[in-house]
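So that you can tell them apart, the chains are marked A, B, C, D and E in the order they are listed, and the count of residues begins at 1 in each.
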C-alpha cells in the first residue's frame, strides 16, 4: 500500500515536471504549428545557467530560475527571429529540421565549452529535503518544481484565455492574416510566443538544477517526452498537455515499479501511440 | 627520432565523453613519460628520452568514436590504414572495443585495452588483443568473497542481494557475473533492476530496491546515472547494509565531488585511488601530478589510469623488440612480464587469452571523499562502516 | 435503365442536413444540370455519388449496380469521374503529369497512357502549358485541367462541379463546345453550374436543389418558368433579367 | 484635393509569378467604388496589397496622404483602413462578441468598445441575439454580417469589402447591399469587390474592371453598366 | 532509343563508380577514401529508400532506422546466431521489414502532420528499447561477428574495401534503379499524386491506401537491404547503432540536404554530408570535442533557412538563372 502511494506520488511529481517542460513547447506548437526540436537543448542551456550561477556566485537555483527564464526568453525570441521566421513556410519540415540543426549546435557547443562532465550543485537550499505523506516520501525539490509547474500552467492558461494579449495570441493561432487585419502585430506575437515558450523551459531547467545533474546530453529524453506530451495532449492545448504530462508521469512510474523499469519508456511511447490512434488529434485536440 | 604512432580511440563526445577524455589524457601522460627525460620518476623508460636509445618516440593520435560501435570500427580502420598507427589503445566502452579490436585482429595489428570490463572481450581467442582491467567476473567474485568475509568476521548477516545496472553491454555483463557469483555464494537475489541509461529519473527503480530491501546492492551505473541513483536513494530515505559498485560512477572523482557527503559509505572495486597510490604506487602519483592533472584537472581514476599502463606495456615491448615489429612486439607482450608502476599489483602479465592475470582491484569505501581500502586484507587500511550510516544520521 | 440513379439520398453533417431525400436519374448519353443556391448541397451530392462521402442513407445505383459506399477510387474505376469545385491541381506535378495520373487508370503501359493523356490535354486546350507545374496555372487553366484529368480516366459518367466558373465568356463557349463533343462521344454528364448561359442551352434536364431538397426537375425551358425555382434560386431580379433577355433575343 | 486612397501602378506576384501588373486606382472620401473582374483576375490580390497583407514589388499606395506601401496590415488598420477579407475569416472558436471585440483590438478605450458593440448590434440586430454563439456555428449569412461588423469595429475611414455576396442566398445578397448603403450613410468610404456585377454597380458610384492583373475599364457605374463590352464579358449578356 | 540527359547522367555515373575500384589504391587496401566512398553509396541508397515514402509519397517518417535495423539484425542473426551465410538473412530481413512496416503504418497513416512525425519518433524509441531487452537477438549486448574467412561467401573482408565498395555500389544501383523505374511508370505518378492530394488521387482511381502501404513496404525492404550491408560492414549489430533516432535523422538530413523528392537528391546529400562527417571527425578532433557536429548543426540551419529544397534546389535555381539570361539575350 505504501508502495502504491509512493509510486503514485512519484508519478504525479514527474508528470508535473514534464508538464512544466512541455508547456512552452505546447504553446509554440499551438500558435505557430512549429515543433521546436531544440527544446531539450533550451532546457540544457537553462540548467547550465543556473548551475554556473550557483557554482560561481553561489546563488541558489531557487532564485536563479528567474535569470534562466529571462535568458531563455531572449534565446527563444532570437531563435524565432533568426531561424524560425526565415524557414517558416518554405518547406513543410523546414522549421523542424532547422531547429534540429540548432539542437546539434547547442548541444555540441556546450560539450565543447563546458566539457561533457555531469555537473550537480550540492548543498542547495532544498537539497535532499523531504517530507512524508501517509508513509510515502516526497522530495521537496520535486515538490517545489511541481508547484511551479501548476503555477506556470495556470498562468499560461490564464494569459491565453483571459487577457487581451491572450486573445491576440489565440486570434493569431486561429488565423494569422485575419489577426493582422484586426491590428494585431502577429510578428510580435510570434516573437513573444517563442520567447514565452523559451521562458517556460527556462524556469523548468532552472528548478531542475536543484536536484538533477546537467550535462550536454540532458535534453534528449526530456525533449522526446515533451514532444509526446504535447502531441498526446492535442494541438496546442495547455490543459491537454498538462493532463497528458500527468498521465505519462503515472504510466512511467507504475510501469517502472510494477512491470519492469526498462519498460517504462516503452510504455510511455506506447501509450502515446495507443491514444493517438484512437483519437488522432490527441486528448484535447480540435 | 622516428615516430611510432599509437592511436587513442575513445568516446570524446557522447554520453561517456568525460571518461573518454580522461582516458586520452592518461595515454598522453604516459607518452610524455616515455618521450621525455624524467629522472625523477622511477618507472621503466621514464629516465631516458624515447625508445631504443632515443631512436623512436611515441606519437599519440587521438580519435573519437562517440560511444558508437560503428564509428569505433571505422575509426580503428582509419587509424591503422590511413594514420598507419602501430597499435590502438581503447575504447573504454566494451561495446566499442569489440568491433574496433576485431578490425585489429583481422589486420593482425595490436590492440590494447585498458579498462573495458566485459569478460567477453577476452573470450574470443584473439591473438593481438590485450586487456589490463579485471573483468566484471573477477570483480564479482571479489565482491561476494568480501561479503562472505563480512558475514563471518563481522557478523554482518548479509543474505540477500539486489543488483541495479544500466541496460547496456557493460551493465548487463556485470549483472550476469553478479548473478553467477551470488549463486555460488548462496546469496539470494531479491531485486534485479536494469534501467535505461540517461533516464529522466530513477524513482521506480529505487522504489523497487527499497521494497525488496536487500541487505547488499551491487551497482553498475555510469557517471550521471550513478549520482541520480544515490540521490534518489536519499530521497526515499533508504539504504542497504552495503552497496558495492562496478567501475565508473563510484570511482569518478568528479562525480564524487558533486555528490559531496551523499557519496559516503558506498563501496566499489578499484585499481587506483589517490589514497591507495600514496601507499602502494608513489611513482604513479608523480606521473599524475606532472603530466595528468595539468591536462585533466583531477587525479587519475581507476579507469583512465589503465590506459596509461597499456601504453607503458607497449613501449616496453617495443623497447625489447628493438623497434615496431608487430609480430615480435605482440609475442613479447604475450609472453613477458612487465613491471608497472601504475598498476596496483606492480606488474602486468597476460595469460594466453590476453587477459591481465595480475589484474587486481581492491574494494574501497568512501569516507569524506576519500577512498579507503577495506579489502582484501593485504591492502586494507581501515575498518568499513557497516551498515552504511542512514541518511538522517549523517 | 438509367445510367445513374440517386434514390432518397440523405447526407448529414452532425445535425446539418446537407442533402435530404434527393432522388433523380441520369439517362445514358444526356447532359443533366444540377443547380441551386449556394449551400444547397450540390457539391455534397457530387461527393456522395463519387464516393468521397458515405451518405447517411439512400442509394446510389450506377449501371444497375448498387455502388453506395464504394470508395472514390473504385467509383473512378467503374467509370465515374469528377472534377472539384475548389480546384485541386497536383501542384508540384506538371500539367501533363497531372493528366497522366488519370490516364494510368485504364492502362499501366506508359506509352499508351501518354497517348491518352496527350489527347485529353489537347481536347481541353492545355497544350501550351504541357510542362508547367500545375500549381502555377491561372484559375481558368486549372479548371480545364480538372476536366482533362477526369477525362483521361476514360469515364462513362463525368461529374463537373462548376467547371466553367472563372472562365471568360469566350472560354466558356469553348468549354461548352468540349462538353457537347464529349456527349457525342457517348459520355454522360452531370454538371453543377451557376452560369446559366453555359448550362441552359445544352442540358437535356435540370435538377434544382435548395436547402438539401430537390425542389424541381425538368427541361431547362420549364425550369426557368418555375416560380418555386425563381424564389429559391434566381431571385426576382434575375428572373426578370432572364425573361428580358429571352424577349430581347 | 487628393483622393483618400491612391494606388499608383502597383505590381504584385506570388512566388515570382506576376499577378498584378500595373494597377492604378483611387477612391475619394464618401464614395462607393467597385472592383469587378472574373475569378483570378487579381481583385483580392489588389485588396490584400492595399490592406498590407502583402507588399507590391513596385508602385505605391497612399492613404490620406500617407505612404502605406510597405506598412504591415496591423498598422494600416490603426490609420483607419479596414479590410473584410474574402471568405469571412472569422475566428471560428471565438464567440460573436469576442470576434467583434477583437475587431476593436487597436482601441485601448474599453467604454468606446462597448459603445461600438451597441452600434453594431443596432446595425445587425441578429448579431445581438447570437452574441454568445461561437462563430463557426452560425449560418453563412450571419457569418458575413459578423465579418462586416468586425471590420467596422475599428471605426475605419475606409472599409474594403471582398466578395460580400459569396455564399449568400439571393435574398440575403439584397440585404447585404442595403447594409453597404447604410454604412456609407454613416460616413464610411467603401471599396468593394463583387462577382455580382449588376448588383454591385447599382449601389456604386464608380467602378474599375480588372482582367488578368490589369485595369481594362474604368468609369462611373452608369458608364460601365451601359458598356457593351462589360455587359458581354461580365454579365453574360 | 535515344538517351535523355537524365539517362546520360545515370549511365555516366555508373561507369565512373564502376571504374573506381579498378584503379589500384583508390578503394582497395582498406583506404579511408574507400571507406568514405562506400559509406557515401550506402547512405545514398538508404536515403533514397527513405525518399520513396517520405519524398515521393509525402509521408515523412522519422522511423526508418527501425527497418534499417531489422535488416541489420537479419544478417547479424544469420551469421552470429544461426552460423550460416549472411545471404540467407537478407531476403528474410527485407520481408520482415516490409511486413513490420505495413503493420505499423496502416494505423499511423491516419495521423496528420506533426502527429505522424511524433508517432514515428515513438516507434523508433519503442523498437530500440524492446530490442535492448530482447535477449534472443542479443539484447543490449548486440550481436558480434566472429572472424570469418574473407570473401564473397561471408561478405566479409579484412584488409580491402573493394568488396564492400562493389557491394554498396550494387545496392546503390538496385535502389536507385528501382526508383528510376518507378519514376517512369504508373507507380511514380501515383506516389506523387498521393503526396500532392490524396482525395484528388482517389478521384482518379488511385487506391491511396494501397499506394502508401506499397511504397512504405518497398521503402522498408530496401532500407533493410542497406541495414544488412551495414551489419556486415561493421561486424556488429546493436540497437543504438542501427535503430535510433540519430540514425533516422541521418537519412532525413541527407535527403533534405540533397533535395527531397528528387532522384539525385539523396546521392548529392550523401556526397556532401558523409565525407564532411567522416573527415571532420577524423581531422578536426584537435579543436576539441564535437567541432564536427557544431559545424554540422550550422550547415543544417543555413540550408533550411536559405534553400530548403537543398542542393537540387540550388541547381535548379542556377539553371533558371541561366535560362532567364539566355531568354533575355
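Basically, a residue touches a chain if its C-beta (ideal position, glycine included) is under 8 Å from a C-beta of that chain, and two chains touch if they have at least 3 such contacts.
Bear in mind that the values here come from a model prediction, so they are computed numbers and not experimental data.
Q: Give me the set of chains touching chain C intersected with the set touching chain E.
A: Chains that touch both chain C and chain E, as defined above, do not exist here.
Q: Taking each chain's centre as the mean of its CA atoms, which one is most distant from chain A?
A: So the chain farthest away from chain A turns out to be C.
Q: Need the CA-centroid distance for the pair chain B / chain C, whole Å please.
A: 78
Q: Distance from the CA centroid of chain A to that of chain C, rounded to the nearest Å?
A: From the centre of chain A to the centre of chain C is 51 Å.
Q: What whole-Å value do you get for the distance between chain C and chain D if each is reduced to the mean of its CA atoms?
A: 32
Q: Mind pulling the chain E residues that touch 2 or more other chains?
A: 129, 132-133, 289-290, 293
Q: At least two partner chains per residue is the criterion; list those residues in chain D.
A: Residues: none.
Q: Among the residues of chain C, which ones contact at least 2 other chains?
A: Nothing qualifies.
Q: Go ahead and list every pair of chains that touch.
A: Applying the touch criterion to every chain pair yields A-B, A-D, A-E, B-E, C-D, C-E.
Q: Touching chain E in the complex: which residues of chain A?
A: Contacts found on chain A: 29, 33, 35, 83, 86-87, 90-98, 100-109, 111-112, 115-116, 224, 227-228, 231, 260, 262-263, 265-266, 269-270, 272-273, 276-277, 280-282.
Q: Tell me, which parts of chain B touch chain E in their complex?
A: Touch list, chain B to chain E: 12-13, 17, 21, 62-64, 66, 68-71, 73-75, 77-78, 80-82, 95, 98-99, 102-103, 105-107, 120, 124, 167-169, 171-173, 194, 196.
Q: Going by the contact rule set out above, which residues of chain A touch chain B in the complex?
A: 3, 6-7, 10, 14, 17, 108, 111, 115-123, 128, 130, 137, 139, 142, 211-213, 215, 217-218, 220-222, 225, 252-257, 260-262, 264-265
Q: Would you mind writing out the residues of chain B in touch with chain A in their complex?
A: 13-15, 17-18, 21, 167, 193-196, 198-201, 203-205, 207-208, 211, 223-224, 227-228, 231, 234-237, 254-255, 258-260, 262, 391
Q: What residues of chain E sit close enough to touch chain B in their complex?
A: 29-32, 35, 39, 129, 132-133, 139-142, 144-147, 158-159, 230, 234-236, 238, 240-241, 278, 281-282, 285-286, 289-290, 293
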